[in-house]
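In what follows, a single structure is set out as structure tokens and then discussed.
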Amino acid sequence: MLATILRARFTPLLALAVLMAVIPLVAPSAFYLRVAALVWIFALAALGLTILMGYAGQVSLGHAGFLGLGAYGVAIGPAHLGLSPVLSLFLSAAAAGLIAYVVGRPILRLRGYYLAIATLGFGMILALVFNSETAITGGPDGMQVARLTVFGWRISGTQNWYWVAAGALLIGAWIALNLVASPTGRALRALHDSEVAASAVGVDVSRKKLAAFVIGAVYAAFAGGLLAAMNGLITPEAAGFMHSIELVAMVIIGGMGSVIGAVVGAAFLVVLPQALTAFQDYEQALLGLLIMVFMILLPGGIVPTARKWLLERLS
Amino acid sequence: MAEVMAEFLQLAFSGLTVGAVYALVALGFTLIYNASDVINFAQGDFVMIGGMGTVFLTAAGIALPLAALIAIIGTVIVGLLLHRFAIQPARGASPVALIMITIGASIFIKGVAQVVFDKQFHSLPAFSGDTPIAIGGATILPQSLWVVGGALVLVVALYMFLEHTLLGKAVLATAANRLAARLVGINVTIVLALAFGVSAAIGAVAGVLVTPITLTRYDLGTLFALKGFAAAMVGGMGNPMGAVVGGLLIGLMEAFGAGYISSTYKDAVAFIAILVVLFFMPRGLFGGRSVERV
Amino acid sequence: MRPSAAVRGTLRALALAATLTSPAFAADPIKIGSVVSATGPAAFLGDPEARTLKLYVDALNKKGGLLGRPVELVLYDDGGDANKARTFATRLIEDDKVVAMAGGTSTGSTMAMIPVFEEAKVPFVSFAGGIEIVEPVRAFVFKTPHTDKTACQKIFEDMKARGFTKIGMISGTDGFGKSMRGQCLKVVGDYGITILADESYGAADSDTTPQLNKIKNTPGIQAVLNPGFGQGPAIVTRNYAQLGITVPLYQSHGVASKSFITLAGPAAEGVRLPAPALLVADKLAAGDRQKPVVAAYKDSYEAATAQPISTFGGYAFDGIQLVVQAIEKAKSADPQKIRDALEATKDYVGVTGIYTMSPTDHLGLGTESFRMLQIKNGDWVLETPGQ
């Protein structure tokens, strides 16, 4: 019975929805709601990355660059182009997807490290642009972001943002789960196991990889847009190298290719600095250590490993 | 005319000094990549440990040459520990996993360094004073000659080691074909450890040489790693000669770009170079090994 | 399962014993919050701030605390990330229920946190430089550092007095350098000075000779200004000497501690900069009102940390001190009353300057709080402006 539930396709979605409904009931203060909202937003970005890493077997070391594109899109659209913030959110996500397509196309024909290297360079350039073009982006001190308005309702307050973020993640997770079960998803999984085998059975490897890369960019940009709108301010370090690494760490720690894994990984990295306030000086060392330990001892990540263990115990 | 020449020379001096540093970092990348297929993002942190270690040891009253030696040995130990506890247990992991392990190691080293050392900037006195040497209307610091000369010595020494010693040939053999190397009796584990140790030493020497010019801080390694990595990439991953040329090229492009065009995107030059190379010459300037490895 | 009466009785007795044996907790502590960038790329600013705050609150509690209550410092590290700063700000308000906040290392993180404190109506004294923090004035937001604009004015006053009208500028692309460059460009015209070369360098640039060479080759330049902080100004100063540029070099208040002279070495000779009294504690005139305050801070900080004091630590010192004085004056730990007292700050002698705030001025420092310094024989020397 439990094994059947664990294996069912939409169980993760249901579990997530229940968790989202329960948290506001038990959260002692709005601070906890903000932390949870951040977890949902970063989980959304990690979800896109987990499709790229877990299914296409590629890594992006500049994913925060796409997050930055979405964030600055939401800031720049209303401020410089007179667009509505919500329209800017969707436009910048689309733009991020397009840019990913243009950058990814020539590179994804290569194998091995090359996407990682290209995304690294691309992310660094984006972060430099956000930092340097002061007239457009406000420079290193960042840029104010207009409030999002949906059908005349101005979204503000931690509680409202909690629900907006939760809703966005649920929709993102639903799309991801459908995608994974689709022929594209199966092709991607084949690709992760062996590119040679996948291409031998007729999978157009570079096109599928490109698809995963574009999807990952759109998810990250959308998450970035929500982050900027919730905070009302965006600064260039959101697009920086360390932030890209944190996103990859979320996917690794939670478990590559797992929807719940992305949420667990995001929760881990968002809550960690809040839990370790007494050991602030050691936080960075601990983060590095955790990444190493997970990659070496638990390469599957928390969620897939736990799931496998549970399934073995049950059968 | 003389002024134009002087400006050109000044920019070239600047580019060569900075480029020599990138070249040394790229050389470390290349050595480890050749032996083990690992891209070691902690390579820049070796530079930091070498520099910071020397700063703190001299502050404790130890003479500069001895302090530098101890710092270099310390960095080699860190490199060996990195191999033993992070790379070796992950044998057979995917390239992505190996990248993440070395990035984790880099973050860990920085995290420990800010506690063991501190979070402030530090410098070392220049080895041969601060009086600039005038050449053709441009000036160069004596320390820059130390850096360029040091890079030259290290490159030659590395070449001699790889081509003319049994151990060096073992490294090359392991790089070419790990299984075959094992079959002819090479202890692959020791060869890999050696690659990490030598790379750490190269990084640490670079750190000691450049600290009087660039200053140092616990998180200095990241930018060096990224730029050095770009240099290795431009030169063709895995080619030691390419690493050196790539490093000098990026240093020169940064200097001439900032001098003749604009300094706003000086830091972007290395990353633009990566993208251009990937788009148009995926094997780098000097070929390197085949891209289509499976 | 409910605990038995015996257990509850024991617990109550223990709790009572605890309150009786530790007089420090006899009263509820007054909670003051802080978020600084103690780690990350801005750690060289945030670290001295965090140390200063801890030292100050420890000393305060040893003296018996505030209004007969102990003071509790709730200190968080944002790692230089504005998003994290915002989360910690929410935590200070919602969870820790602080009555006031003294923190915010960078302008970016300060701007991210402002809405949280404005909404909760809790006073927030920032340690960051940006002028947008207090212009326009927000009811609950104050700051201690001089604005970049005042620094520019002070420097241009000095240049004008020395007869310089054509200058070069090389600024860092970090928040400090960019913001100061912008302010300097705004006010430079007021002094009849034109900027002939406007260069920049990255936050981690290790060589600026290409940029400086351009300035050197621009004809007519009479002086060069370098807005920036961190290692940048030290590298610029060294490269300046290497290229043999002879016109005077001006640094800013971002060159904030004696470590600049150590890092720049002999190249620092002759460099001029505006700085708060803090840097020249031992050289202030005997009658200078800031002298005792500055000397006391310098002695306690350097004894406790074995590091030279920096103006950034000084901003934190003034920030927490302003809050503490406001609480004393208001005789209350009510956020609204602390805010009112802060706004009424008059003639407070701090290490950065002498503050007099008003409903239209939440900084309260003028150009006179800057001293013009010159570096001679490896030490600061007070200059008469214009000479």
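List of remarks:
Just so it is clear, A, B and C label the chains in written order, and each chain counts residues from 1 on its own.
Keep in mind that, in the parts below, a residue touches a chain if its C-beta (ideal position, glycine included) is under 8 Å from a C-beta of that chain, and two chains touch if they have at least 3 such contacts.
Source: prediction; values computed, not measured.
Most remote chain with respect to chain A, judged by CA-atom centres, is C. When the C-beta pairs in contact are tallied for A-B and for A-C, the bigger tally goes to A-B. The distance from the centre of chain A to the centre of chain C, with each centre set as the mean of the Cα atoms, comes to 36 Å. Annotation: 32 Å between the Cα-based centres of chain A and chain B. Counting partner chains per residue, chain C shows two or more touched chains at residues 39, 173. Contact with two or more other chains is made by residues 114, 264, 267 of chain B. Residue positions of chain A touching 2 or more other chains, listed in rising order: 132, 281, 283-284. Residue ranges on chain C touching chain B, taken from their complex, read 39, 41, 43-44, 47, 173, 199-202, 204-207, 209-211, 213-214, 217, 230-231, 234-235, 238, 241-244, 259, 262-263, 265-267, 307.
For chain B in complex with chain C, the residues that touch the partner chain are 3, 7, 10-11, 13-15, 17-18, 21, 114, 118-123, 125, 130, 132, 139-141, 210, 213-215, 217, 219-220, 223, 254-256, 258-259, 263-264, 266-267.
Within the complex formed with chain A, the chain B residues making contact are 39, 86, 89-90, 93-97, 99-101, 103-112, 114-115, 222, 226, 229-230, 233, 237, 264-265, 267-268, 270-272, 274-275, 278-279, 282, 291-294. Within the complex formed with chain B, the residues of chain A that make contact are 53, 57-59, 61, 103, 106-107, 110-114, 116-118, 120-122, 124-125, 128, 132, 195-196, 241, 245, 248-249, 252, 281-292, 295-296, 299. Within the complex formed with chain C, the chain A residues making contact are 28-32, 34-35, 38, 131-132, 134, 139-142, 144, 158, 227, 231-235, 237-238, 243, 273-274, 277, 280-281, 283-284.
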